[in-house]
Amino acid sequence: MFAFGFGIAATNEKGECLDTFFPLPIYEPDVQLAAYLDKAFDDGVNELSTQQLNKIIEPLSGLGNQQADAQAHIVRAFSASTASADTANAKLVAVKLNADLAILSTPEAYLKLHLLSHCLCLPNSMNLDGLFEKLPTVCWTTAGPVDPSEITDRLTSARLKGQHLEVQSVDKFPRMTNYVIPPGVRIADASRVRLGAYLGAGTTVMHAGCVNFNAGALGPNMIEGRISQGVVVGAHSDLGGSSSTMGTLSGGGKIKLSLGENCLVGANAGTGIPLGDRCTIEAGLYITAGTHVELLANDGKASKIIKARELAGQSDLLFIRHSQTGKVICRTNLAAVELNETLHANN
Amino acid sequence: MFAFGFGIAATNEKGECLDTFFPLPIYEPDVQLAAYLDKAFDDGVNELSTQQLNKIIEPLSGLGNQQADAQAHIVRAFSASTASADTANAKLVAVKLNADLAILSTPEAYLKLHLLSHCLCLPNSMNLDGLFEKLPTVCWTTAGPVDPSEITDRLTSARLKGQHLEVQSVDKFPRMTNYVIPPGVRIADASRVRLGAYLGAGTTVMHAGCVNFNAGALGPNMIEGRISQGVVVGAHSDLGGSSSTMGTLSGGGKIKLSLGENCLVGANAGTGIPLGDRCTIEAGLYITAGTHVELLANDGKASKIIKARELAGQSDLLFIRHSQTGKVICRTNLAAVELNETLHANN
Amino acid sequence: MFAFGFGIAATNEKGECLDTFFPLPIYEPDVQLAAYLDKAFDDGVNELSTQQLNKIIEPLSGLGNQQADAQAHIVRAFSASTASADTANAKLVAVKLNADLAILSTPEAYLKLHLLSHCLCLPNSMNLDGLFEKLPTVCWTTAGPVDPSEITDRLTSARLKGQHLEVQSVDKFPRMTNYVIPPGVRIADASRVRLGAYLGAGTTVMHAGCVNFNAGALGPNMIEGRISQGVVVGAHSDLGGSSSTMGTLSGGGKIKLSLGENCLVGANAGTGIPLGDRCTIEAGLYITAGTHVELLANDGKASKIIKARELAGQSDLLFIRHSQTGKVICRTNLAAVELNETLHANN
């Protein structure tokens, strides 16, 4: 079994699903639990009544299995409060995905986004076909998800009752932190990290940082720049303030970008090519695939001029723009290499 | 008649107006409705009691006119809840503007900002004299607008009751989405779009995008950069991440900036001159009015060096900084022109 | 006595402090009040029961001293609502700091951050040793501070009750505006200004602006860029959209950055050196300490090439990158000097 989760789905006034929150989704449930779930639920989305919830608790706890116990704990909480959930335009669901196929419903889309943000699946490792089609555009408010066609009435009636609704976002993707708080992570402004972002332990996303879905930082990292959809940043690599990683959706071509370990993209800099390990782009310099770069040999003598795309994925590079000739230059990043040797010497 | 709206005004403890929300403002009401409104209300702001509200409903619905019916619907909602609105430091108002004159009150200022965000009036098409003077600085909180002089007491008493207030902004302009959600628009982080922004259908504002009041994108557009006050972006033009359009308020001189259709301002790039159609500025390059630009003829041979302001508003330009000489160069954007011909060929 | 404050501390389910809000902190209390506080409280954090609060009111008001009266007013509010505060995982505290020593507790850390944001102490003027260690990482939600270990349960139970929690940030530092609203300041997006920021009257922080703790703008200023930890911006200096001031924590070396008065760092520009008065960096140009700069004499003739760090702290400089040679050039900023003379002439 690919994945499973008990979830709370918010609905609009027609009963259509706006989002789904999975408190504890599972990637590849262990054999014992998978066998039980397979018997109990259909592939895809299963709506659950209180009666059904009550029936599940005993067999789940009876498995005597830690993973199953944790799920039984959630089902008990769901069961205790179905009534109020009904009032609140919510549905309780079990989503079972036998295999990693194209996305067929909103709850399935949310389950996959949860798997990414729980760091259970790496970006670019899952089938996300159908994601955009199955994610409705939602008004994300301080009173929860609201259908855009219902928002003006909600804003009006709140005001007339002396209450207040903040519309935080109008988007297909909600902020991650309303669903998943990965351990060991700090996020200065949570409105800038979408559900489906992957943030490994030790990662800090500062106020100017942004992380899209199906993208992320393996941790530890300092992220003050933008991580576009599909981009993965390796351990100990930092993105300076407002720095840019060019996305495939926005003119970056077909190469999927990634950064290796111990890289630094300086403040207001950017890259349109993937970087290996220990690469640096100086503050304010934007390297695109088509940038002509003078490649300097280790002895400092000019060797040749090439397009940056020919350096894609290589390690130990330092990119600067010479401040007196305006030339974009790439040197072997000797400082980083030496640092690396020091580290090895201390092993 | 220039404009009309029934609104809910939030007030401070002295009864002074902090903002006004108009669920369904009207630009140039149709003749029949205008005739009725003209008789029923004074020019400017009219405070409404429950009694007055009740008196309006019948004649409004009696007009047998779709626009009037929609307004009657709002008046009925207002009438049903005046009591609670009174408790909540709110006033119900009708704002009638016979002509597009200077702004004389806070509700009038809000009505004009609503007209922009409802895409009823284009940026730079309205008289906004008096706007800054008539907009009070407000603490925009998750419990609604609060006067700055009352905020410390509110924060303290909320905490002491085990409640909580988030102060989202301290500004003259609130976020647009608490008042208007334009159809067909996505806004990843709503704190970055001010009321008074104009966002046409098909526009997406990403996390690094910002849109000021009296400014906007005609749609469809991908906006990941900053649209300064007064700037208008044409259809199918994109602003890359953190890109900048220089505002007249912040050193951009007196030329009002605009972008035509099918333009691209790359990530971390910027422009201080208006652009025509099909113009591109490469990622990381900032063109100001005073930038010296080498203008290349179509045959690739250098023609002459001019200041960028001489190219203001022209079409089919591609701006790059040569990565080996540091020269800022402008070429005819052949790729865009060819693309355009392909599109026409497919019509 | 260095500082004092009555505060409301939010706690997690174990009773551990998550934050502390001080409605009216005092820097260097006047002699009379200090004498009383010294007798009444221990150095550091004092938890207060209703009984203790009631005992304090009379002697405080009895001092017949304006500063003491304002504190008595707070104690009365605290005393009236202790019961509900208890329910709400809150503690009432008095924090007394006899001297500016290393930080030993969370309430002390918060008191020092309040002193900065109340503009009572300048950035870099206080002993902040221990700050990071004593600030817990907190989920800052629309229902108040929540311990990260408790957040999933809180999100789940809120959803099941038809309620909703927005997690605004996961960080050691909360947003300033939930604690302090400095007079005469506008902040377009409050999620980007940390508690501990110093914003002098007349400062506007726009949507792309960020201000870290122990950093700020003396006012009046227009801040559309990032003010890193430790950086101070002088009066009448502006940071353009997405501009960068390099922090000591993020590769900027050991020199603490500051900007004097009447400076302009253009949009998407940045500085890695401190600037004196009347300096300008053109839009899109990033000056680091190691940038080679051609220094032009007033007569416009080239003089010599130096590293930017040699210009650190000097006044009347204009930095540009020549748009035809790619050279980074520094000229004496004649326009600014002339402007300055005009201003003096009008005194």
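Chains here go by letter, A, B and C, matching the order in which they are written, and residues are numbered from 1 within each.
Rule of thumb we're sticking to: a residue touches a chain if its C-beta (ideal position, glycine included) is under 8 Å from a C-beta of that chain, and two chains touch if they have at least 3 such contacts.
Since the model is a prediction, treat every value here as computed from it, not as a measurement.
**Q** Shared interface numbers for chain B and chain C above half of all numbers used, same, or below, different?
**A** Under half of the interface numbering overlaps between copies: different.
**Q** So what angle, to the nearest 5 degrees, turns chain A so that its CA atoms land on those of chain B?
**A** 120
**Q** Where the centres are mean C-alpha positions, what is the separation of chain B from chain C, in Å?
**A** Result: the chain centres lie 30 Å from each other.
**Q** Note the residues in chain A that touch 2 or more other chains, in rising order.
**A** 142, 168, 191, 242, 268, 284-285, 321, 325-327
**Q** Over in the complex, which chain A residues touch chain C? Could you list them?
**A** Chain A reaches chain C through residues 8, 10, 21, 23-24, 74, 77-78, 80-81, 84-85, 87-90, 141-144, 168, 175, 177-179, 181, 183, 185-191, 206-208, 222, 224, 238, 240-242, 264, 266-268, 282-285, 321-327.
**Q** Using the touch definition from the top, list the residues of chain C that touch chain A in their complex.
**A** 137, 139, 142, 148, 151-152, 155-157, 159-173, 191-192, 194, 210, 226, 242-244, 246, 250-251, 268-270, 272, 284-286, 288, 291-294, 305, 321, 325-328
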